[in-house]
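Every chain is named by a letter (A, B and C) in the order it is written, and numbering of its residues begins at 1.
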Amino acid sequence: MNRTMVILFRNPLSLLGLLLVTLVVVLAVFADFIAPFPEHRGAVVDFVYFNKAPTARNIMGTDLVGRDLFSRIIYAYRISLILGVVVLAIAVPIGVIVGLFAGYLGGKSEFVLMRLTDVFLSIPPLVLAIAMMGVLEPTLLNAMLAVTAMWWPWYARLVYNVARSEREEGYVLAAEVIGASKYHIVFREILPNCLPAIITKMTLDMGFVIIIASSLSFLGLGVQPPTPDLGSMVAEGARYLPDSWWLTVFPGLAILIAVFGFNLIGDALREILGAEQ
Amino acid sequence: MSANRPGSGEDTGSVKNGSMERNSSGALLDIRDLHLGFRGYTGYTKVLHGISLSINRGQRVALVGESGSGKSVTARIVLGLLQETRTARITGDVEFQGNDMSSLNASQRRALRGTRMSMIFQDPTSALNPVFTIGYQFTEVLRRVDEKLSKEAAYLRAAELLHTVSIPDPARVLDAYSFQLSGGMNQRIIIAMALANSPSLLIADEPGTALDVTVQAQTLQLMHDMVATHNTAVLFISHNLGVVREFADRVYVIYRGRIVEEGATQSVFESPGHAYTRALMAAVPRVTGGGIPDIDDESADFHDPCFTHDSPIAGTES
Amino acid sequence: MSAILSLKGLNKVFGRGRSAVHAVKDVSLDVAQGECLAIVGESGSGKTTLANMILGVIPASSGSIELNGVALPHKRTLEHRRAIQLVQQNPLSSLNPKRSVGASVRLGLDVYEIGDRADREGKVEAVLSDVGLDPELRKRSPAALSGGQRQRVAIARALACDSRLIVLDEPTSALDVLVQARVLRLLDTLRREKGLTYLFITHDLSVVRNIADRVAVFNAGSLVEFADTETLFNSPQQDYTRQLISAVPVLSAEELNFRSALQSREHKE
């Protein structure tokens, strides 16, 4: 714990990361209390205040139908975080299990599991997601599914590599000689040694999932209106640049802050947990 | 001695600046009151508490101790490697050929390594780069001293040097990669490379510990003969008392960052003066039998002051 | 003395066809109940492969391994596994850094389902004190322990299930000389007190001289010489054995005399 604190406080960037991520999480969790116009997350129209530059009333301006941008960004954060958490909550266990068994068992299981992983990895992620969204209806749930499908192979790869080197460690031989089951060896012996790498990657990935989800909605394939989403906000606003600059700049900055924050934290965690890669 | 060997040693030093010259003891390497500590996450850890050690030209000196005693960091300070570590705090004097090492900058220290000072580490196979041929690596070493040396000439010289370490087919070995050769063969190559530029000091950190006993015995004998031919002094770092006895002229025993005993090899081994040295020697199982040694846990007299067998070596060279 | 373990015509071939490596060649030997049998050889001698076959980690290519007169199948039951335990060379790697000392020692008890939870905890504490460690250390991580302490934990793990046969694979080579002496003494005491049988795999002949009852010398996969310790050291029959013995670095005048006597005999023959 002591060492953690020293690393965190010695590096101002880690501290900044912690600050940014805390800010994003607090905004998302307490959106209902923080947002000045909570009802603006939905299909509200206010033609008195439409397309206004930032003022004291709307600190980030208003959009084309008069909704408060700041409120919408806060709710968009909430959607992004939920998306990120759900995607990782599904993708990580799948990838980790595939990687652990492929890495520990070797032989045929390794061949089958890792070639399957390679197939997924060989398709460009955004293309895979776009293809899936083309077939499926563009809803939040399907967006999650699409992103999950392209995310788990990276965890399979990562865990596979760690597990393969851990397999050579003496403690695995010790457990085999004693006669412990494969499940014990994989989940109780090897998995704990993969956790630092997994946790670090998950933190970094929160940022990337947010970007990918935004990219999808930027293309109109992700979260659908009127649900606020950072990607679609940027896409919509881009048509009105440079006059209505706030429509793109603030959602864009919001993406930047979240992704940057998660990346900084990921880097700090990498050092704290002493993870490779 | 240097007068007999023109072109080597102190006279041709490219690092020497007139102002740095301060040859007080006449020793090749003179370490005085060396302290080392590391700043860590939980504070400052002292590793060396005032090491003094001196090596004359052509002398084989062993630094013996257990893991964590500070023997390897001492070697790394002499090599000028630890000075570049930001968390390390080093005080005390390290003089090499009369030059104060602390007054050299990183590139001057680098210029010393592989030319006038060279090193051999524990595992010969990992010390060679697997993606280059032995020939390529060897000629690189030779060209560090003589940049104008042609490729062909360097290659011939390398083959000649490999021949001196009893490698029967140097041409084949020079075209090979380290992983195609045995550990013993790699160790011979390392020895030939380390001595290629006739350095005045060789630092051998647990050489050959990763090798089999029979191979280790052969390569140690080879190293012994080779340093004698090149008149190279050796700082020999080891935990193995038997190996030290067979290799070194002079022994320093190090315990937790302090020298606890020093003297000529024979006197140290025949009449160890310090409790720690006695414990170390008693702990080695004998090939003649006699049962498993009965060793107490560490005792207070391990911290007794240093036991010196003779007067410091200044002036003993003649 | 009855044989606790018998190897009969044991072979191991890795790979096939032209690239096949014959790692263990037709090895037959008996390990007597209660003895310390040293398996000596350099790297590539096949001693680790032999150990792995005995431990049931890799299958033998041919031949059989008998435990108390009964041939062991390659697919070992837990009962078979429980009978033979292992202590490895490097305690840094043999203890899982992410599990507590107690969890590592308790593994066998959990796997063989010996006693209830409280029994197992009690057993862990007992064997930790048997190997000279504070039972409170069971809550610590291996990272908090010194090399010697870790090796004691590994020994405790091998003892926890009251197994009689222990394969010791270079158990002291990674340790400092003072620690080595204490761990060797511990191993020797435990063997006498608990009536254990050791298969002591090592390259260090000075250790062998002082702990083994009998010595089997391996070279390139074959058993080249097998004799009781005194006989082997005082009148080795094979040149290879003589070479191994005289390569041991020595300390005392007595040892130097011993070595030159050995070498002079070699030259005479």
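One rule holds for everything that comes next: contacts are C-beta pairs under 8 Å (C-beta built on N, C-alpha and C of every residue); 3 or more make two chains touch, one makes a residue touch a chain.
Small disclaimer: the values here were computed from a predicted structure and weren't measured.
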{"item": "Touching groups left behind when chain A is ignored (all other chains fixed)", "value": "one piece"}
{"item": "Chain pair showing more contacts of the two, B-C and A-C", "value": "B-C"}
{"item": "For chain A paired with chain B, centre-to-centre distance based on mean C-alpha positions, whole Å", "value": "52"}
{"item": "Geometric centre distance via CA averages, chain C-chain B, whole Å", "value": "34"}
{"item": "Chain A-chain C separation of Cα centroids, rounded to whole Å", "value": "50"}
{"item": "Residues of chain A that touch chain C when the two form their complex", "value": "169-171, 173-181, 184, 188-189, 192-193, 195"}
{"item": "Complex contact set, residues of chain C against chain A", "value": "55-57, 76, 78, 81-82, 84-86, 88-90, 93-99, 104, 107-108, 111-112, 154, 157"}
{"item": "Chain C - residues contacting chain B, complex", "value": "42-43, 147, 176-182, 184-185, 188, 203-207, 209-211, 230, 233, 243-245, 247-252, 254-255, 258-259"}
{"item": "Residues of chain B defined as touching chain C within the complex", "value": "66-67, 183, 212-217, 239-243, 245-246, 269, 279-295, 297-298"}
